[in-house]
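Down below are the structures I want you to see.
Shared chain: chain A. Partners: chain B in the first complex, chain C in the second.
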Partner chain A sequence: MFFKKTVPFIFTLSVGIFSFFYYFMPHAFMQDLWDKASQWAIIIGGGAMFVGVISMVRAYYKRATNKSDPNRYFAMLTIVCFIAMTVIGLITGIKPGSLFNDIFVGIMIPCEATMFSLLAFYIASAAFRSFRLKSFSAGLLLFSAIILMLAQIPTGENISPAIPWLKGWILDYPNVAAQRAILIGIAIGSVATALKIILGIDKSIYAGVGGK
Partner chain B sequence: MKNLLRLMVILVVVSFAFNSYSVNTVEVTGKDSPNDKGEAIDIKWTLDASLKTSAIKVFVFRKVQGEAEYKQIKELDITAENFNDKNELKNNIPYMYYLEFRNVTGEVVYKTNEFGPYVAFPQWINTDKIPTFIFSLIAMIVILIFIQVAKSGRKLYVRPLPGVQAIEDAVGRATEMGKPMIYCPGISVISDIATLASISILSRVSEIVAEFGSRLIVPNYDPIVYSVTDEVVKGAYLKVGRPDAYKADDVYFLTQRQFAYASGVSGLMAREKPAANFFLGWFMAESLILAEAGSMTGAIQIAGTDSISQIPFFIVACDYTLIGEELYAAATLMGEDTRLLGGLKGQDYVKLVAMILLIVLFVLKLFGVPGIDTILVGGN
Partner chain C sequence: MSNKNKWLDYLLNIDRKVVYVIIFLSVALPFFLNPVVDIQPTKWVSAVYDEMEEAARTNKPIIIGFDYDPSTLAELDPMAKALLRHAFSRNIKVLGLNFIANGTSLAATTMDDVAKEFGKEYGKDYVFFPYLPQYDLVLLNFGDNFRKSYTQEFRGQPLENIPMLSNLQNYDDFHMVIDLSGTKLPTIYIMYGVTRYHFKFVTGCTAVSATEYFPYLQSGQMIGLITGMKGAAEYESLLKTKLNLPTGDGMRGMASQTWGHLVIIIFIVIGNILYYVRRRMNMEIK
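And now, the complex of A and B:
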């Protein structure tokens, strides 16, 4: 338990106290320490990526070799793509003009853009569900949405110049007030959560201690 | 006639001299840049109106005091009236400056005398952040007091959150249906408070899952977060005495590309048809893709994030949403640790202090008391 509980606690406490004072102390001594710690984080991140890739390959390999799984072909495709990209990247490099970069720009980025563009349809379906007039709150939401949508198009101003003004008012006052209230709560919640973790009161994030 | 010509020449010379030295005047000041690690000097100047029209560029020259030659370190437009010199400056060394003002043809219209010396040095305390420091200290003291109160055995009431109760119900529902659950810890890094809060909730959820003997799938976006979630879930199974039931393949690293992650999790939901989806952590544009894809599978969905722009998407697409700080409180409300509950209660009182402070400052602002804006929005 010493390495699973005490050592992480000592590290968390010392790094937590340092990070707190770093925010208020601009001295070069603190800055240099922070820069060094950031470099360590990059190195740890690189190592963790290796662990992550092993985990991904292991999970997909088991799925690909599970003959009772009808979706195993997706897992096979993932592994084939992973190996192909790794080999191509090692042989051709990853600079612009390389085969790796061409595949990335020609296949990966359009696929991601496709996923992103799905948002438009999802927004429409989510809006349809949430704008149904079921209660007073839903009515307020519907009213605000109509005003905002009308103000976005020239028709809104043609109907009444009050519509763009109302849109501005909704966005600048009730919307900002609600967002700031949430933000203040988040800021105070962050302090409390960080304090509980730094002082070891909440140890649930320490690996292998199961919340105690 | 000769005398008249001499007089005219003298008049012209005097008039030029008058224009050069009394019309084109520049006042210069300099000092160490405040609240930094040193290695910077602020220079300010005020220009005469005529210089603003005759010159188009300002050139800043610098040398170490005692050295012979100046070096040009910056070229600025004539509109500039200050310069923060961070150009290879060293601390505790005196620097001298002068400015040159040049016209459109590059001719020097005006040149200041050398000024200085100015010395850059680091500060230990950022005075702009003192109000933040004081409020942070107050917040910490209040929270620690309530943790002590809770430890002493006094009962503290914290309003229950429907979303938290729903998490436990969702696990029970999934067990009864014999279907798995999917838990997304967000797409942020381990140092993010939302990710840490999500891992705390995952710790409690996986304990219940381990007890009930159901299945929890945790696809991860960040490899470091994956390493932690893997250990946390494993630890939960160990804690309830069922280490054999833990499946290492159910907690895995998926990808570190945002929309590839959204695609992967959406595909996972379509294939596995989970009974419950948890989206707890920090999300960006993929939040609605995940929540809508999950909604189509008919799963009960519980989301929680402190990403303000994504909260509306989760509210419309999920059954329960933990808004902002509720995400941080969820793990505490799921457990029985009195110290954590004390911390939560303390957090509520800090909020009360913040609210009172804001109201007082608002009233003072209404009465026109000066300096309130500076307190509210920071030192600048």
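And now, the complex of A and C:
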């Protein structure tokens, strides 16, 4: 438990205190220390991605070898594509003009763009079936949605200059009021969570402790 | 009465494939029509344009963060191209950054394509930095010296060999920073960059994420905002009227967006009328 709990706590506490003082004390010594620490952090960040990749391959390998799983062929396909892209990337490089980049541009971009563009169909279907004027709150939502959608196209300006003005008013006043409240809430919550982690009150982040 | 009911039931439970076909036609067909050519820019888009002109006057380079991937390409790439066209047409040097691994080659290709239109040279007029993880630390380090995080540019050359970077060190040497993203990254720029180093900051975002940036506009932490396809079209309209530059994908996409939005509004209205009629009929029966 010493290496799983106490050592991470000491590291978290020291880094937390150091980062706090660095932000408010722009001294040369602190700056040098920060430069080194930030380089470590960037390297560790890259390493964390590698850990993520290993974890992903393990999870998909488990699914691919599970004969009772009807979706195991998708897992196999994921592993094959992952290996193919890694090998191609290592051989040809990843810069524009390389085979890796051509595959990315020719397959990945259209696939991902298609997935995202399907939203338009779901929104249209949901708008027809579910966007109902059932209460005052629903009416406010409906009214704001129609004004914003009209103002987001040139037709809105052509119908009336009041539509872009109303859009501006909705975004500048009710929206900003709500967003500020959310932002302040998130900020206070983040500070509280950070303090709990730095001071070791919240131990769920440590290995083998989470979820208990 | 029963015949009316039958029709109402049919329309209220219409097969979703019919809705899909209508929305597909409304989005796809306008691509074959003439693009929208006139659009009124909002004050926040005009503010970005004016700031870019100021950069040309002060002869200072700008930073553009290309933090988008294929999922938000349709909205953010026209914006990136419009901004780059403005910058290159006014001989403003551009430094490209990227914190989204999936968007690295997209950004590099976009920069190269627009630079080619204006005969700009890589390393002299524009340069692109490679993807790095831990964007918060990179942005903090940038305030002191970007060489602390980056040792080479995207194509692998050491930064010492890039003429454009010879006199550049941190945010103070740039006129402004623009971040194009559908993620939370513009907020990170504000938290770790603007709050501490007080540079001029502009965001280009997807239309759905625009609402969360308005508090930063009011507080002055952000000096301009370009939102979605319409924002890109507004910027292209400014380029067309003031610099006589040709319009691009933003204006072309506006026709599809216009018809798409109108069809969705019509669906909402029809759906509500049917719902209301149905409810009245049910009340009459009771």
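Convention: the second predicted complex is superposed on the first by the 186 of 212 C-alpha atoms of A that agree within 3 Å, B and C clash if a C-alpha of one lies under 4 Å from a C-alpha of the other, contacts with A are read in each partner's own complex, and residues count from 1 in each chain.
To be clear about the criterion, contacts are C-beta pairs under 8 Å (C-beta built on N, C-alpha and C of every residue); 3 or more make two chains touch, one makes a residue touch a chain.
Here the structure is a predicted model, which is why all the values come from computation and not from measurement.
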item: Which superposed partner A:10 touches (first chain B, second chain C, both, neither); value: neither
item: A:204 touches, of chain B and chain C: first, second, both or neither?; value: first
item: First (chain B), second (chain C), both or neither touched by A:172; value: second
item: Chain B versus chain C as contact partner of A:27, first or second or both or neither; value: first
item: First, second, both or neither for A:87, with chain B first and chain C second; value: neither
item: Partner chain in contact with A:146 - chain B first, chain C second, else both or neither; value: second
item: Which superposed partner A:59 touches (first chain B, second chain C, both, neither); value: first
item: First, second, both or neither for A:186, with chain B first and chain C second; value: first
item: Partner chain(s) touched by A:154 [first = chain B, second = chain C, both, neither]; value: second
item: Contact residues of chain A, present in both the chain B and the chain C interface; value: 23, 31, 45, 48-49, 108, 111-113, 115-116, 123, 125, 127, 129, 179, 183
item: Chain A - residues contacting chain B, complex; value: 20, 23-31, 44-45, 48-53, 55-56, 58-59, 62-63, 71, 74, 108, 111-113, 115-116, 118-119, 122-123, 125-127, 129-130, 179, 182-186, 188-197, 201-202, 204-205, 207-212
item: Partner chain A, residues of chain C touching it in the complex; value: 14, 16, 19-20, 22-24, 27, 36, 38-40, 42, 69-74, 102, 104-106, 108-109, 112, 132-134, 137-138, 140-141, 144, 148-149, 154-155, 196, 207, 210-212, 214-215, 218, 228, 230, 254, 257-258, 260-265, 267-268, 270-272, 275-276
item: Residues of chain B that touch chain A when the two form their complex; value: 35-39, 91, 122-126, 129, 132-133, 136, 139-140, 143-144, 147, 193, 196-197, 199-200, 203-204, 207, 220, 222-224, 226-228, 230-232, 234-236, 238-240, 248-249, 251-260, 262-263, 267, 271, 285-286, 288-289, 291-292, 306, 308, 311, 313, 315-317, 323-325, 327-329, 331-332, 335, 337, 339-340, 343-344, 346-347, 350-351, 354
item: Of chain A, residues touching chain C in the complex; value: 23, 31, 35, 38-39, 41-42, 45-46, 48-49, 94-96, 101, 104-105, 108-113, 115-117, 120-121, 123-125, 127-129, 131-133, 142, 145-146, 149-150, 152-155, 157, 164, 168, 171-172, 175-176, 179-180, 183
